[in-house]
Amino acid sequence: MARFQPRHLLAAVAVTLIVAAFVAPPGGDDPGGPAAFFAFCDAQFSSWFGILAVFAFLLGGVSLVGTHLRRVLLRERDWTYSIVTLVSFLGVLVVGLAKLGGAPGLQGDPFAPDAWLTKVFDGVLSPLHATLYSLLAFYVASASYRAFRARSLETSVLLGSALVVLVGRIPSADRLTAWLPADMAFLRLEALSLWLLKVPNTAGQRAIMIGVALGVVSLAVRMIAGVERGKGGLE
Amino acid sequence: MNASSGAEPFLERLDRRWIFLTLALSVIAALLYEPVFPDRPGELVRPIFDRLESLAPGTPVLVSLDYSPSSAPELEPMAEALTRHALLRGLPLCYLSLWPTGNNMAERLESDLIATEHPEAVYGRDWVTLGFQAGGELLAHAMIDSLGSRFLTDSRGTPLKEIPALAHVVGLGDFGLVVSLSAGTPGLKEWVLYVGDAGGIPLAGGCTGVGAPQFFPYYPRQLMGLMAALKGAAEYEAALARVYPGQVPEVMRATRGMGPQAVAHLVIVGFILLGNGALLRRRSGGSAP
Amino acid sequence: MNGWSVSTSLEVWVGALLTLMVFSFLWRDNPFYKFAEHLFVGVSAAYWMVVGFWTTLWPRVVVPLVPGAVKVVSPEAEAGPFDPLALLPALLGLLMLCRMVPRLSGLARWPTAFVLGTTAGYTVVRYVRSDFLNQIRAAVGEGVLLRTPDGRLDTAESVAAAATLLGTLACLHYFMNTRREGRVSSPFARLGLLVLMITFGASFGSAVMARISLLVGRLQELMGSWLGLI
Amino acid sequence: MSPGLALLAAVTAALLLLIGRAIVLARRGAPVEVRPLAPVAAVADAIDSAVAAGRPVFFVPGSRDLDNMQTVAALSLLEQVARLCAEKGARLHVPVNRSMVMQMARSTCRAAFEAAGRGHAWRDDQVDYISDDPLGFVARVDGLVERERPGACFYFGFFASESLLLAEGGRHVGAVQVAGTASPVQLPFFVSSCDETLMGEELFAAGAKLSGDAALLGSLRGQDLGKRLAVALIVAGVALASLAQAGWAPAAAAWRVVSGLLAEV
């Protein structure tokens, strides 16, 4: 057999986990014999991924420090701001790994209420998180202004359904279409908005999900068979 | 499918910062002057309100608080509205939760609402808190036949038999209505699949805006009513204010929260119409404004 | 609207200033945003590395391999047994770090292959169950001839079920990657695209409320706890 | 093994075989005629317009790690985009927010540049790790986009609310933007802000169409066979359920068995 290559390991691990999902389903009783091996893989491999991700942090950290250090040393554009990144990165790394502010030495929980790391999270990270998120309100407004234009049949349908749902969200907006006679009640704003979110929206979501499942299985088969491109990482 | 390029004169090339400024100023103004937009219960919310109105006093109502503080802004106003309505109609309330955070969500309702607005309410008679228990959908399913099989006591250690509110309750079917206020999993979906379908038990729900689209298909066959996002809560509050003027706070939480939302939606709809108006004018040969 | 009562808490001030720095980007790129951006990168990168170290590497690699280490974190704790199992992920981790040594960088392909293998292996069955079979079950539902509890034909719901079914099949048709020679895109596929456009318009519209509440929350923080205006 | 699990095993096996067989047939030369996909064509055009304007090309492979299949699909697309950038002499910049993605993206791009005979033009720090925090990552990428003013932006892979934050940033500097994600919740934001969008399954098909590789095109036919299987199951299920509802006894009995089985999956 050709020398055992990384892509053979990929195929072996993938096939093992697929079989494990049936031979040793999670929550089942503890299987004996060969199934125990599959149960072991199913349980352990995903936790190993988490461990590898932490090892990889070293590579990311080295790259981050390298990029910003080079920018400072070569006085590239915005190099003064790279100092902010370097100082804050190394500072928080020391504060967090050394658990400063909490119990003495390395004792206690790094995320304890009085630990400096928690103060950094509450004081710096959470306001930045909340504010970045809140930019979405502005971008939703500018995106809808530009994209919802009746240029083609497709964009007109996009515009129509968005408008019906948006106006439907304005309190007592259904007064706008309350004048419609009873037998045309399904055209009233609220009924239409409910219908859009109940019928076409459900149909579209289901088709997308079924398609994605097939795309995922197809990519998995290509990876296992070793024909998938983008495995530059394995060359 | 090309959604958004194409050179168009003035109004279409409007600098996006005008949109940002208008939106910011309108929301700031709404927060300062707190406009109230009267609302009316919609097709999905009215059945829940009517159901509670029709129950004979003394019929218990189950509210499952399946959310955490991060979703409280959208779901807690629903819990408050249901609590007010049940207490006004003399329907004993039973809080439980599939989420560990359910316990303190119940405590917030007890301290912030029941203690202040309904001091006359007596624990055990007017409301009871069973609290959180692990098990998710399996817990919900097991309670169909017997509540006592999983909750031997309430959250204060009192055996179920000694709680007047649950005197006639054996299984979930003995509740006038079961409502799950759900921010995710386990939540309303599990209640529908494991309780609504299986047990044939009348089920209503409350959900966040992002979660709403997945629940619309269940209405009305598997879900008799749904409060979706802050608007759903505001609609229930509108029904309460109309039927119980003076007995409920003049402007309740969701209705106040809908002020900035309504203003922001009006601004966004306004700009969309503006953009299309310019497009139509250009297409009909008129010169750009 | 009561008068101003500006907060005196440092944390509120830091949060408010950072908020304004990020908002300034809406006007245009400027030194304040650059500062907030670079601060955000440095603090958040380090924070998640610390989380990774103390929640994953320490309890699942260091302690099993060096049982005495547990005393460093909680002096009164008992040292657990030596667990050789932890050697496997640690070895794969060290192989990954060989990427930094040019001569050995080829060894890093093995942990990458392992990770890609677990991703493919875990994902296939999960997607076939929850996104393929369960969505097919939802699409079938209870068929299209639905009855009300008292046995009558529920026309409204039957029409809705039939329309949802038709929409799903049209969208699936639109997603067909290949086609028999010469067949131009069918009107059924065009219907599928229109259903998708309705889907995107409706879900865009229904997501606006959640985005607005994020902004409302931020402004309440600024106008409330910082400036005491509301 | 419970009946539900047996059904799941049967369907999984059927899909794996359908796709595997389609790949084998295609490698043996069976022709596969592929429906053109607008976003795929737009990728090459976007790179051309970036090179013409002397502006860089940005590629964001999603905001999750290698344990997400959408990230793996994005890295397959990255190989094609890197190949095109090498051939057309475009400056490629790949900001990433996971260390393992950084490592694989670097080796993928270096392999593509070397295959195009321009290995010397590739520097590993064109793939730069920013932060594991999705929002810290987005704040940085929006800043970079605003300052480097890329001519083309590609967003492929898993995105949460980062989708609109990135797409509006790129739109503001006038970049040609092509996106692709499998999450139905984020697709509306990409459709509204990008020039072209790969929807759901198309994210997994674009790499194959860009490469034109026989085996990969074969897998697309396999995906289509899977869709025909889904349509067949749906139509049969609806027919059976409707007949049962219409009161035809044998259908009702069969439907009880089938729906019971489906419920157990």
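We just call them A, B, C and D in the order they show up, numbering each chain from 1.
FYI, contacts are C-beta pairs under 8 Å (C-beta built on N, C-alpha and C of every residue); 3 or more make two chains touch, one makes a residue touch a chain.
Keep in mind that what you see is a predicted model, and the values were worked out from it rather than measured.
Centroid analysis (C-alpha atoms only) places B farthest from chain C. Across the structure, the highest number of inter-chain C-beta contacts is found for A-C. Between chain A and chain B the centroid-to-centroid distance comes to 27 Å (mean Cα coordinates, whole Å).
For this pair, chain B with chain C, the centres built from the Cα atoms lie 24 Å apart. Taking each chain's centre as the average of its CA atoms, chain A and chain C sit 2 Å apart. Per-chain Cα centroids separate chain B from chain D by 36 Å. For chain D, the set of residues that touch two or more other chains comprises 8, 12, 15-16, 67, 69, 72, 100, 103-104, 130-133, 135-136, 139, 147, 171, 184-185, 187, 189, 191-193, 199-201, 205, 220, 223, 227, 230. Residue positions of chain A touching 2 or more other chains, listed in rising order: 18, 22, 46, 49, 52-53, 56-61, 64, 78, 125, 128, 132-133, 135-138, 140, 142, 144, 146-148, 154-155, 158-159, 162-163, 166, 169, 197-198, 201-202, 204-205, 208-212, 214, 216-217, 219-220, 223, 231, 233, 235.
Within chain B, contacts with two or more other chains are made by residues 1, 3-4, 16, 20, 23-24, 27, 210, 212-213, 217, 231, 261, 264-265, 268.
Across the complex, chain A meets chain B through its residues 137-138, 140-142, 144-152, 154-155, 158-159, 162-163, 166-167, 169-172, 174, 190-191, 194, 197-198, 201-202, 205. Within the complex formed with chain C, the residues of chain B that make contact are 1, 17, 20, 23-24, 27-28, 31-33, 73-74, 208-210, 212-213, 217, 220-221, 229-231, 257, 260-261, 264-265, 268. Here chain D touches chain C in the complex through residues 7-8, 11-12, 15-16, 32-35, 66-69, 72, 100, 103-104, 130-133, 135-136, 139-140, 142-143, 146-147, 184-185, 187-189, 191-192, 199-202, 205, 209, 217, 220-221, 223-224, 227, 230-231, 233-235, 237-246, 255, 259, 262-263, 265, going by the rule given at the top.
Chain C contributes residues 1, 26-27, 138, 146, 154, 157, 164, 193, 197, 202-203, 206-210, 212-213, 215-217, 219-220, 223, 229-230 to its touches with chain B in the complex. Looking at the complex, you find that chain B touches chain A at residues 1, 3-4, 6, 12, 14, 16, 19-20, 23-24, 27, 37-40, 42-44, 212-214, 216-217, 219, 231, 234, 258, 261-262, 264-269, 271-272, 274-276, 279-280.
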